[in-house]
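Down below are the structures I want you to see.
Both complexes below contain subunit A, partnered by subunit B and then by subunit C.
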Partner chain A sequence: MSEALRLAWRRAAAAGLILVLTAPAALCAADEPLAENGGAAPWWIWPPILLVFCFVLGVVAVLAGVGGGVLYVPLVGGFFPFHIDFVRGAGLMVALAGALAAGPGLLRRNLASLRLALPVALVASTCAIAGAMLGLYLSALDPLIVQACLGFTITGIGVLLLLSKNTEKPVVSKQDAMSLAFGLSGTYFDVGMKERVEWKTHRTLLGLALFIIIGLLAGLFGLGAGWANVPVLNLVMGAPIKVSVATSKFLLSITDTSAAWVYLNRGCVIPLIAVPSIVGLMLGSLVGVRLLTVVKPRLIRRMVIVVLFFAGLRAIDRGLGLGLLG
Partner chain B sequence: MAGEHDAACASPREQIIYANMLLLGVWLGLFALLVTYTVYLTGLLPSAVPIAEVTQHWDKGVDEYLAVTGLSTGWSWAGRLNQGDFLNYVPFALLGLTSIVCYLVLLANYVQARNRTFSVMVALEILVLSVAASGILGGGGH
Partner chain C sequence: MPEQGLTILVVDDDEQFLESVAQRMRLRGHQVSTAASGAQALEAARGARLDLAVVDLRLPDMDGLVVITKLRELQPEVRTILLTAHGDDKVKEATESLSSAYFEKGRMAGFWEFLSGIPFRRVSILLVDDDEAFLGALAARIQIKGYEPLRALTGGQAIEIARQNRIHVAVVDMRLPDMDGLVVLTKLKEIHPDVAGILLTGHGGAKLKEATEALNSAYFAKEDMGSFWGFIRRVLRNLETTMAAAGMAQHGDVDDARRMGDKAEDGEEDKK
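Our next item is the complex of A and B:
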């Protein structure tokens, strides 16, 4: 009986997810002027639609183990009538608010390491500013360039999520000189395993070099960058997966701050779009954490990968003007 | 036996201070976000750009949007907080300034501890974030 209920719950959740994720597209397809400028619909429709949509995104993001920004930008950019400039601005505010809210708990539990985050944040946040400025420049030249680049990046993230195999506790036999100088090591208590875990990092220079690219992409597309932070911290620098995930989340609160200010100062953050998005995603994240115990994260993760591929290919299609996906 | 409260597993002092400052900033920002958005949507304060007009132009690129709505960039909003739409920028700024404030506290700690490497690193980060926040890089061009 409980198995049948669980199956029904999963089917209902999957159907609900697809329905909500595709609702804006259906809305836009049914009423073309709405998609063109939003003028056909009364303004008060948009905050609740965004709130519900982002609530679902928040739930899904937690269950799939990805940041909200990486789902927000391609999906809202692809299915809502907002210009990509405002979607990226709101996306950065969404990622920033989520990272700021998660930071205190992760730092107090010593899962996020301030020492590990500081040098990485300096590189990533500097490059995020450059990325944000480049994004706005390209967008002013031709927004389709940004759409196409975003599409390729999102499709790449889908491939990365599909193929990446994180290591729970990478073996670091010897710390490099930079890691030693910065004191990039620590100890945390793993509640699940009921054991003390000591960790240290290596290949610091390579890791920092990769964060140049990550910072650029985060600023360029307003994505947040947890999808890239975690593999670099875990697979390249050798931090345990729990430390990598937590430090990555905390790191976004600094990286996204620099890029968010560039977008904010350029007028790319429209409160009508950004506020319900932030609130919806944060509420969804809270519910998502509770649902983690009853839903199979692997199933959700697969669905998210499919959605990312679809959103990425659609952005490429729009950016290159192929018109294959509508 | 090792446990959650094992001294070796405890967060460093500066990390706890940073976490406390961050928590305060987040709660202030989120509370302000809900209050200012309510003021905006209910029309308690007049908006520089009527909400209905915002929805008519949000499909345009930011340059065109600013041109048709007559809005300006950078910190100009700070002088127009008597308008509902600009009031919403207060919580955005609070969220954006939280990390800078945390870093300032962190800098004081590292300077006090005479940790030169991290003092320089934190000072540079404050510089980077402050330049981004100042609008020098992103606010021009209009």
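Our next item is the complex of A and C:
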């Protein structure tokens, strides 16, 4: 590819990112009069805006290596005039759609491990149901509680994304008894290195215990949980990074399904919000993959982390009623 | 389905034993007929093609080994097993010299194991096409599904092969250098009346289709198969790969996602 074209792509990507960065601010301004005037902007304006917003979000999520569901809830929840329950419901559907779309390809390549996913999914999805019920209960008490908790979680995710250093192939010297019993081991073909990689896990009990918390958080806030799944699978349980990443994505399709039921059942999934979000994010991630070859993701990742911090702090600010960030 | 039960004849004068063995074989998906004597067995063998005959050593009218020998005369390809309650090494040797298996009734476990070791009936497929590349590709795809296809480049070759081998399915190209595909199908049906014929053609038409169906054969146009389904499959596969790549990227593995994304883009060239 010629240098000029490369430059053009880079500009396009930068422009897209700026749109994401500025869109919340612009929409934020639009949302204040809406709240005051009781519907100055017609209702049908929101699905198209959401579609465009989610398209950009989808592109950025792929380029930055951050789950679409993780970006969706804080950004849409923070800057769109929707009730937090609806945003969480749609967020779960968004994360679920992405996971279900990615699942077959990952399983076919033997990167996502069913054996590793199922015990973990059992724990995580049970807790996701509990988390979803708890979340709806809390927001029935006062939505601001959820806002504040979400804020802390998002800020935490930002820190995690900033600090976590995953290991390509962790050394597992001894498979523990539980891992042996569940058969948590496998093999995949590394296309880049052209070699067969065998792997096994350890510290299974600790890993499963951590998934209790991850499941709770996923259900509570309607976040995809890739940011937490991957470090636990990789750093704690010792699965290679590729297996962790693929299994984590596949896991969401189970975990988030359980939580999504709770939200669906309570009427928290509004098609007018969920459909444009899902379509936008899916199309966005399709384009994002095409852009991956021409864009340096490191910078975008940093910028997204900054946006996450901003969204997280804003949610804390709102939840605690400090009024420091508008 | 590549597998089809075996056609088995069980010969024993002990009615109870006969029925219980036959029942067990039927449960395993085989087609089983029974005979209580050697004469009945030979009669059955004249009426139908057998894959396997299980024969008791002591029959009221003749010796089991004799039955096996005569069955072989009728159907040289039949596999045979001798079952006996009163065996000894001599009988065993005699049986094995007939290249027949030998089991004692007291040790039926071995017999069942042997039976499940026999591959289910091979469906043999004859492919006839003058385009060698197409023939090779078709044969490779059929092999993947577990069949052993026979190949012929001309109608003459096809008929020659059909005379020497039992053919269950024939896939014939319409235009062959020496004769018309329909003629080949007709001749194959003369040799093996129950052969299932499939006519493939690049130059089809309603009339040809009718003619093929008159021969009780199926008809496919070549171009419909490749292009349309290939296109759909390619699009779906690319989409699947791209979404998998997006999934990898979103959970932090950008390098692999990039590699997979590249492949999805190149996919179309690969398949051409």
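We take it that the second predicted complex is superposed on the first by the 299 of 326 C-alpha atoms of A that agree within 3 Å, B and C clash if a C-alpha of one lies under 4 Å from a C-alpha of the other, contacts with A are read in each partner's own complex, and residues count from 1 in each chain.
One rule holds for everything that comes next: contacts are C-beta pairs under 8 Å (C-beta built on N, C-alpha and C of every residue); 3 or more make two chains touch, one makes a residue touch a chain.
Here the structure is a predicted model, which means the values were calculated and not measured.
**Student:** Should the pairing of subunit B and subunit C on subunit A count as a clash or a fit in the superposition?
**Tutor:** fit
**Student:** Touching A:96, do we find subunit B (first), subunit C (second), both, or neither?
**Tutor:** A:96 contacts subunit B only, not subunit C.
**Student:** Output check: A:241 vs subunit B and subunit C. Expected answer is one of first, second, both, neither. What do you get?
**Tutor:** In the superposition, A:241 contacts subunit C only.
**Student:** Which holds for A:226: it touches subunit B only (first), subunit C only (second), both, or neither?
**Tutor:** Second partner only.
**Student:** Can you pull out the angle centred on subunit A between the C-alpha centres of subunit B and subunit C, to the nearest 10°?
**Tutor:** Result: 50 degrees, to the nearest ten.
**Student:** Mind working out whether A:195 is in touch with subunit B, subunit C, both or neither, as first, second, both or neither?
**Tutor:** first
**Student:** Please indicate which partner A:264 is in contact with in the superposed arrangement: first for subunit B, second for subunit C, both, or neither.
**Tutor:** After superposing on A, A:264 lies in contact with subunit B but is clear of subunit C.
**Student:** Could you look at A:124 and tell me whether it touches subunit B, subunit C, both or neither (first, second, both, neither)?
**Tutor:** In the superposed model, A:124 contacts neither subunit B nor subunit C.
**Student:** What is the contact status of A:109 with respect to subunit B (first) and subunit C (second): first, second, both, or neither?
**Tutor:** After superposing on A, A:109 lies in contact with both subunit B and subunit C.
**Student:** With the two complexes superposed on chain A, say which partner A:286 touches: subunit B (first), subunit C (second), both, or neither.
**Tutor:** second
**Student:** Give one of first, second, both or neither to describe whether A:63 is in contact with subunit B, with subunit C, with both, or with none.
**Tutor:** A:63 sits against subunit C, while subunit B stays out of touch.
**Student:** Identify which of subunit B and subunit C touches the larger number of residues of subunit A.
**Tutor:** Touching more residues of subunit A than the other partner does is B.
**Student:** Considering only C-alpha atoms, give the closest distance between subunit B and subunit C in the superposition, rounded to the nearest Å.
**Tutor:** Minimum over all C-alpha pairs of subunit B and subunit C: 8 Å.
**Student:** If you lay the two complexes on top of each other, which residues of subunit A touch subunit B in one and subunit C in the other?
**Tutor:** In subunit A, residues 101, 103-105, 108-109, 191, 282 are touched by subunit B and also by subunit C.
**Student:** Considering the complex alone, what residue numbers of subunit A touch subunit B?
**Tutor:** 36-39, 41-44, 46-47, 81-83, 85-86, 93, 96-97, 100-101, 103-105, 107-110, 113-115, 118-119, 121-122, 125-126, 129, 132-133, 136, 139-140, 143, 181-182, 187-189, 191, 195-196, 253-254, 257-275, 278-279, 282
**Student:** So in the complex, which bits of subunit C are touching subunit A?
**Tutor:** 239-262, 264-265
**Student:** What does subunit A use to touch subunit C in their complex?
**Tutor:** By the definition above, subunit A touches subunit C via 61-63, 65-68, 98-99, 101-106, 108-109, 111, 166, 191-192, 224, 226, 229-230, 241-242, 245-246, 248-249, 282, 285-286, 288-290, 292-293, 297.
**Student:** Given the complex with subunit A, which residues does subunit B contribute to the contact?
**Tutor:** Going through subunit B, the ones touching subunit A are 2-4, 6, 8-12, 14-16, 18-20, 22-23, 25-26, 29-30, 33-34, 36-37, 40-41, 51-52, 54-63, 65-66, 71-75, 85, 88-89, 92-93, 95-96, 98-100, 106, 117-118, 121-122, 124-125, 128-129, 131-133, 135, 137-139, 141-142.
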